[in-house]
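Next, two complexes with chain A in common: one pairs it with chain B, the other with chain C.
And now, the complex of A and B:
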């Protein structure tokens, strides 16, 4: 009985935060009394509804295509480079300076060069997403593989595991928590880079839609698109979190909770 | 009867000190013959190199000098004929009890039906029925130990290498597991016993289980004495025998001074 109550309370917690935000926005729009600067909630909601019946789906799909291409290539390359670096000290020594030099540079800084290289279109956001998502998963995977408990590897070898089996059946599962949290970090920065790339270097997508609304001076539209960007980003993270919970059901820390 | 299944000849192991300084000599000139089917326990104060010795026999590391021979062949790497049970169990956290126990046969290419059957037998033998699908973090300390024991046995190793396997449980559980370990080994007088190298810091335990107790000293790690335990088996019946108590006293006399010094250094 009290545990059921507690579960309801736990589920309600995020709602409280959202409700507070909505209330604060509504209050701000009333105080500002300037529908251009702070459009009231009703206007934003109406705008989202209007978008849903016109271009919203196209915009979301265009963005997801950018994300899929950029994040797919970036995350896979990051994972592969990390595994190679973990395998060969020699390769790690070569890779390290590149990673440490490029990693702190924001993907956004590459926009002028990306536009020059790819022109306005799909190339710019895909490149930016690729660049942004490469490093978090790379660094996190490398850390994870390097910190695999020596005892587990020894246990496997004493049980007769070949070197290949040690990699596939011990090192990879042991590093999986780090790989997945790296994948989540990468997805987060990829989503940010995607919007930035689409704002200035694309001809479709949610970021591009923000600029489109700006040209019509429609702050309702800008705000509505921002809300959609936040919602879809949250949804994608929730998907990865669910995957994490599913794959790490064995882990005492991740398996039980989120 | 007197075939040495395992021979350590002049085994020395040094480690490079992490930050400058000289090398740390973990083992120095260790000579030891272990007979087939023998239960050998190794005791000594912390830092005497007893775990290092075990990992050399397991093949996790190579001696700096000297030789480790198993069945006449130098030990160059780990192998399934030398099963290991670790102090912290080293169970694979992403594998269930069943998955952990069948990993050895799986690694050796045993077919699924056969390794499942073998794992089920072992689960019954160590009393883990009903827990086949649990993950290690869902087990108690004693159950993890049973699981680690069954995993080690799954490959039918001819040698059992055990590194303080009962150190981390409470006294009652330890006594029960000692009896079970002896039973599984064949304390009642079974035909073919495995050879056991059992590292412990429990002197009572060392004497209770062993045919011979290797007493080690530190700085550098070396063998100080080997004490024969000529008590009748099964040993479970000997727990409160005066002869056992006397042997425990003898072993304790051999390591007391060093143990006191080791503790004094550790607390500094």
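And now, the complex of A and C:
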């Protein structure tokens, strides 16, 4: 057990905070002295290792497939709706109130309806992810497109650029910081929606695996899955952050928080 | 575009959609299997009249408020500490990022174990969801206090208390309020999720834990009443909308200097 502890500690060396968190958990599990209430680190680490050699890859892949389908559809539809709304005042007038009403409704509230519509399976998490990721990217894209410098657009037009060229070479690059920060916000809420959807309405994925372990009262398994969910979610966010830095090296970006 | 058109267009679109929906349900004779606007309205009136819906709503809102307050009490001091001390920020930022990446609802099995199914597990999930907006925005608030304002206040002889009351607080409040608004949204979203997840686990055992989420589970699996389900959805939507709208209004009202 102590060797596992040391391994974890080495991996987290640059992060005193993370080490403190882990130490606090271990202390809690020693004090609780109940492997069910607070599984000790060694048990969680062993469980992760055991999962890694069996189902972990399947679960992660199933979750990522859900995420890819839902987030892909949500992000693309959000982008398209925002571009349409930016072009047509009529379309914007019809779209706006619906967005304003639907946006604050958390995707999770749709779970019962989604279960009713799609049954337990892939449909529920995909739908929830789609719904969750649609609005942040829609709103920030619209925001970004609307605040593109008119002077740049007019200059492009005056220099003979076609409508299409104006969109691809002026509007999209200028709106890119907003689009990407929307994409990051979207991914964050999509991740939460995915876990919730899988937890109650799917037959595969990391969220489903939590419930599966709970059925067997294996809290080591539950905690191990929670750790995996945190790690993968953090990795995805880091990926988008890197993309942001890479694509926006030219622009003084403001990170989104929430 | 005229204001009349601005209101009329979306309203017209809504009417068209509702009429098309109602006719489609009637034409196919699937009322009861598929929700229809008229039946949803009828179910809503009945559920409000006999108090089922309002009681569940009150139960959920109560838990949201408690969880929200717990999150504020924990999150704001942590955020302010992180915002004022860069060392603390470097140490605890990765911890916060890691914990934030775990979907709050994933804690449900542990929370049930720690706190029981009688609503407290849902409270844990709500507080967990709401604490991060508080921390992030409070640390922002602390970081963005204008240094020259602080220096000016001090050189004009303001003491610690006066500086805190007259400079730091007014500059930090808007950020805190934004944090509170986001936290409230998260809290409301996660109470429904938590109650749904817990409800599915304990259906048929204990009816004492009645929030909107549990009521929806029961409606879905026991009563199989699609119209009521859609009505609850609309109710959740309306509450989300009112929370967001109300807190925006309150911010403008209470802190007019934050008008953007």
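In this text, the second predicted complex is superposed on the first by the 236 of 258 C-alpha atoms of A that agree within 3 Å, B and C clash if a C-alpha of one lies under 4 Å from a C-alpha of the other, contacts with A are read in each partner's own complex, and residues count from 1 in each chain.
FYI, a contact is a pair of C-beta atoms (placed from the backbone, for glycine too) under 8 Å apart; a residue touches a chain by one contact, two chains touch by 3 or more.
Computed from a predicted model, the values in this text were never measured in an experiment.
In this superposed model built on chain A, chain B and chain C occupy separate space and fit side by side. Once the two complexes are overlaid on the shared chain, A:250 sits against chain B while remaining clear of chain C. Using the contact criterion defined above for the overlaid structures, shared-chain residue A:176 touches chain B, although it does not reach chain C. In the superposition on chain A, contact of A:77 is made with neither chain B nor chain C. Within the superposed three-chain arrangement, the count of touched residues of chain A is higher for C, of the candidates chain B and chain C.
Of the two partner chains, chain C is the only one that A:200 touches; chain B does not reach it. Residue contacts after overlaying the shared chain place A:64 against neither chain B nor chain C. In the superposed model, A:156 makes contact with chain B only, not with chain C.
Of the two partner chains, chain C is the only one that A:222 touches; chain B does not reach it. Least inter-chain distance for chain B and chain C in the combined superposition, rounded to the nearest angstrom, is 16, based on C-alpha atoms. By the touch criterion given at the top, residues 1, 5-6, 9-10, 13, 91-95, 97-99, 101-110, 113-114, 133, 136-137, 140, 182, 185, 188-190, 192-193, 196-197, 200, 216-217, 219-220, 226, 229-230, 232-233, 236-237, 240-241, 243-244 of chain C touch chain A in their complex.
Chain contact summary for the complex, chain A toward chain C: residues 15-18, 20-21, 36-37, 89-90, 93-94, 96-98, 100-102, 104-113, 115-116, 191-192, 194-196, 199-200, 207, 210-211, 213-214, 219, 222-223, 225-226, 229-234, 237, 257-258. Those residues of chain A that touch chain B in the complex are listed here as 149, 151-152, 154-162, 165, 169-170, 173-174, 176, 249-252, 255.
Residue ranges of chain B in contact with chain A, taken from their complex: 55, 58-60, 77-80, 82-84, 86, 88, 90-96, 103-104, 107-108, 135, 137, 151, 154-155, 161.
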